[in-house]
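Both complexes below contain chain A, partnered by chain B and then by chain C.
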Partner chain A sequence: MLSRTAFSAVRPALARAYSSTAAAATPNGLRLLFSAPHEAFYNNVEVSQVNIPAVSGVMGILANHVPYITELRPGTVEVIALDKSVTKYFVSGGFAVMNHDSSLNVTAVEAVNFDDIDIDLAKANLATASKALADATDDESKVRAEIDVEVFKAIITSTTGSTSV
Partner chain B sequence: MIGWRAAGFNYAQYSQLCARALRSVLKESHAANVARREATTLRVSTWENGVASPPKYVVKPAAK
Partner chain C sequence: MFPTFANSARRMTVSGLSNGVTTNSAVATVVKREMATLKDLKLRINATTNISKITKSMQMIASTKLSRAQREMVTARKHGASLLSFYKNAETQTAQGGEGKTLYIAVSSDKGLCGGCHSYVSRFVRDQLKAEENPANADVVVLGDKARAQLTRFAPSNMTLSFNHLGSKPPTFYEASLIASEILKLPNEYKSIKLVYNRFQSAIAYETGFFPIHTPQELAQSAKINAYEVEDDAMQSLYEFNLTNAIFCAMIDGYASETSAKMSAMDNATKNAGELIGKLTIVYNRSRQAAITTELVDIITGASAL
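The block that comes next holds the complex of A and B.
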C-alpha cells in the first residue's frame, strides 16, 4: 500500500507532463488542415484563429485549445490568418478535430468560399424549399424540404449577416 | 432539430442532402465543377462458390 507522501509526490508530476508536452510542441501557433473531398483549402498552414460552426454553437479555436472532436452544422468556417486577414467558407457539414499538438482538422462534406455563393439564387431556392415544406405530405419529403430550408437559411444569414430571413 | 433519422434517413444521406443544397447555390462559373462532384456510379457483382458474377451497373455513369 502506497504511503500518503509517496502518492502525493506522484500525482503533480503526471499533471505537469501533459501541459509541458503541449507547450513544447507548439511554440508558435495553430496549424489548420481544412479540406473537402474535392479540395484541400488549408494544408498544414499556420493561422491565428479558426471559428467553426459546431452543432453546440460557434467555437473560436486558438493555438493550444483543449483537444476536441465535434460535428459541424451547416455554417461558416472563418479563418483568421497570421496577418489578421479573414477568409470565410460555408460548409454543409462535417467534423472538426482539435489535436493536442495544436493542429486542427476540419473536414467538410462540401465547402465553398463565400465569394462563390450566389445569394440571389440562395433566396430563390429558399422560397422554393419553403413552399415544398408547406406542401409536403409524407415524412420523407417533409424532411428533405426541412433540410433544404435549414441550409438555405444558414447560407443567407451567414453571407448577408441578416438575422431575419 | 430536423427528425431525419425518424423519417428513415441515415447520417450519410443527411450530409449528402445538405451538400446538395449548398452546391445548388454556387455561382455560374463553378456549376461545371459541381456536376462532376455529384456524379456517382455503382456496379455490383455477387460471389458464389468463389466465382464472381459479371458486374452489373446499379447507377450508370452519366453520358458524356
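The block that comes next holds the complex of A and C.
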C-alpha cells in the first residue's frame, strides 16, 4: 500500500517510499496512542485518520503511513474516529512518531480538548504575553514571551477558526 | 522472705524495661522506687501510644496519597508506552561494551520512613557499578537526598549531579523537564543511559529496575531506524523529549512505589507499637500488683507481730 499523506499547509512534496514493512506488519487500521503527561486521550485505539500540526505543516495520517518522526508545533490535533466523528485537541508541542506497525504515537507536552478551552481567557493571556514580549529586556524573558505568544495565538486561531488575531 | 521476692520481681521488670536506667538508684527506698517505676512505665506507655497515633495517621495519609499516585501512574504509563513502542519498532538495543561512558540516573526522593525503597535503588546502582568493566567510566546522577547520601558513600568518585526537594508532592512534568535539561547540559557524550527506579507493581510490591531510554548513538545504530523518515534535526529534540518523558514516568512510578512502601512501613510500625503497648501494659499491671502485694505483706507482718 502506498503511503498516503494529506497536506493542508504549503510544504515541499517529498518522494515517499513504498513502505513494505508497514503493509506486512498489520493489515488493520491506524492505532492511535495520544497522551499528555497528565492525561491519556487515546490508548491504542483504532481510528481512521489523525491530523497533526507538524513543524513543517499540518499532516493527515492514515493507516500504513510510512514510518515517520516529526516534532509538533502548537496547534490542533484532529482525531477522526472510525465512525467519522471528529474530536479536536489543542497541543502546545510534542512529538508524533508513526511506527511501521501502523501505530501512531502522539506525545504532547500539554493537550486539551477544544471543549475545555476558555477563549476569553486565552485572549486575555495573549494580551499579557504580548505586553511581556514588548517589555522583554533580556534574551531569556524574550524567548519565554515569544513562546507564550505563539501558543496563545495558536489556541485562538485554531479554536475560532479565524487566522487574524 | 516476702519483701525479697517483691524486690527481685521489681528488679526484673526494671532491667527488662528501661535497660537498667533505674537500677543505679537501688539504694533509694523501696516505696519511692516502686512509684518511679510505675510512673516510668506509664510515661513509656503514653509515649508509645502517641507514636502509634502518629504512625497510624501517616499510614492513613500514605494510603490516601497512594490512590492518587496510582491514578497518575496509570496515565503516565500510557504516556511512557509510546517510548516503548517506538524503541520496539525501531529495534533499539542497549549498547554493549565498547568505548564511551555510561550514565546512571537513580530515581529516589528526599522523604524517608518508607522501608527500604531508596536503599534498593542505591544498592541496585552500586551493584551495576561493580559489574561495570571500568567503573570509572560511569557517571551517576541522583534524584532525591536519600539515595544521594547512600551513593555518595558507595561511589563518591562517580557522583556527577544530584537534585533534591523531591518527593513531598507528586512529581510533575515540569520538574522532570528541569531535571532533564540539567542532565542534557552535562559535557560528556554517553554511550548509554540507565535510568534506575522502583517500578510499582501493586500496593504491596514494587521492583527495582531500568526504565528504557536510549541515547541518540544507540538510536542511530538501531536496526530499523532507517525506515523512519525524520524531519530535519528532529532526532536530537526527540531524544531530549524522550529523556524528559522517561524521567517523568520513572519519577511517577517511583513516587507510587514509595507511597505504597510508606503505607506498609507505617502499618507495620503501628502494629509494632500496639504490641509494645500491650507488653508494657502487662508489665505495668504486674508491677502495680507487686507493689500492692508488698504493702499488704507489710501490713500483715506488722499485724501478726502484735
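In the analysis below, the second predicted complex is superposed on the first by the 142 of 165 C-alpha atoms of A that agree within 3 Å, B and C clash if a C-alpha of one lies under 4 Å from a C-alpha of the other, contacts with A are read in each partner's own complex, and residues count from 1 in each chain.
We adopt the following convention: a contact is a pair of C-beta atoms (placed from the backbone, for glycine too) under 8 Å apart; a residue touches a chain by one contact, two chains touch by 3 or more.
For clarity, every value in this text was computed on a predicted model and none was experimentally measured.
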* Given the superposition on chain A, are chain B and chain C in a clash or a fit? -> clash
* Touched partner set for A:K153, first chain B, second chain C, both or neither -> neither
* Look at A:S56 in the shared chain and tell me whether it touches chain B only, chain C only, both, or neither; answer first, second, both or neither. => second
* In the superposed arrangement, which partner chain does A:A122 touch: chain B (first), chain C (second), both, or neither? -> first
* Asked: Just chain B (first), just chain C (second), both, or neither: which does A:S103 touch?
  -> second
* To do: For A:D139, decide between first (touching chain B), second (touching chain C), both and neither.
  => first
* Asked: Given the touch rule stated above, what does A:I69 touch, chain B (first), chain C (second), both, or neither?
  -> second
* Asked: With the two structures laid over each other on chain A, which partner does A:K88 touch: chain B (first), chain C (second), both, or neither?
  -> neither
* Regarding the shared-chain residue A:H38, is it in contact with chain B (first), chain C (second), both, or neither? -> both
* Clash with chain B: which of chain C's stretches 25-33, 61-69, 115-123 or 151-159? -> 151-159
* Where on chain A do chain B and chain C both make contact? -> 37-38, 94, 109
* Given the complex with chain A, which residues does chain C contribute to the contact? -> 72, 75-76, 78-79, 81-82, 85-86, 89, 172-173, 176, 224, 227-232, 234-235, 237-238, 241, 245, 248
* To do: Quick one: which bits of chain A touch chain B in the complex? Just the residue numbers, please.
  => 37-38, 74, 90-94, 109-110, 112, 116-119, 121-122, 125, 129, 139-140, 142-144, 146-148, 150-152, 155
* Touching residues on chain B, where the partner in the complex is chain A -> 2-4, 6-9, 14-19, 21-30, 33, 37
* **chain C-facing residues of chain A, complex** => 14, 16-17, 19, 21, 33, 35-40, 43-44, 54-56, 66-71, 94-95, 97, 99-101, 103, 105-107, 109
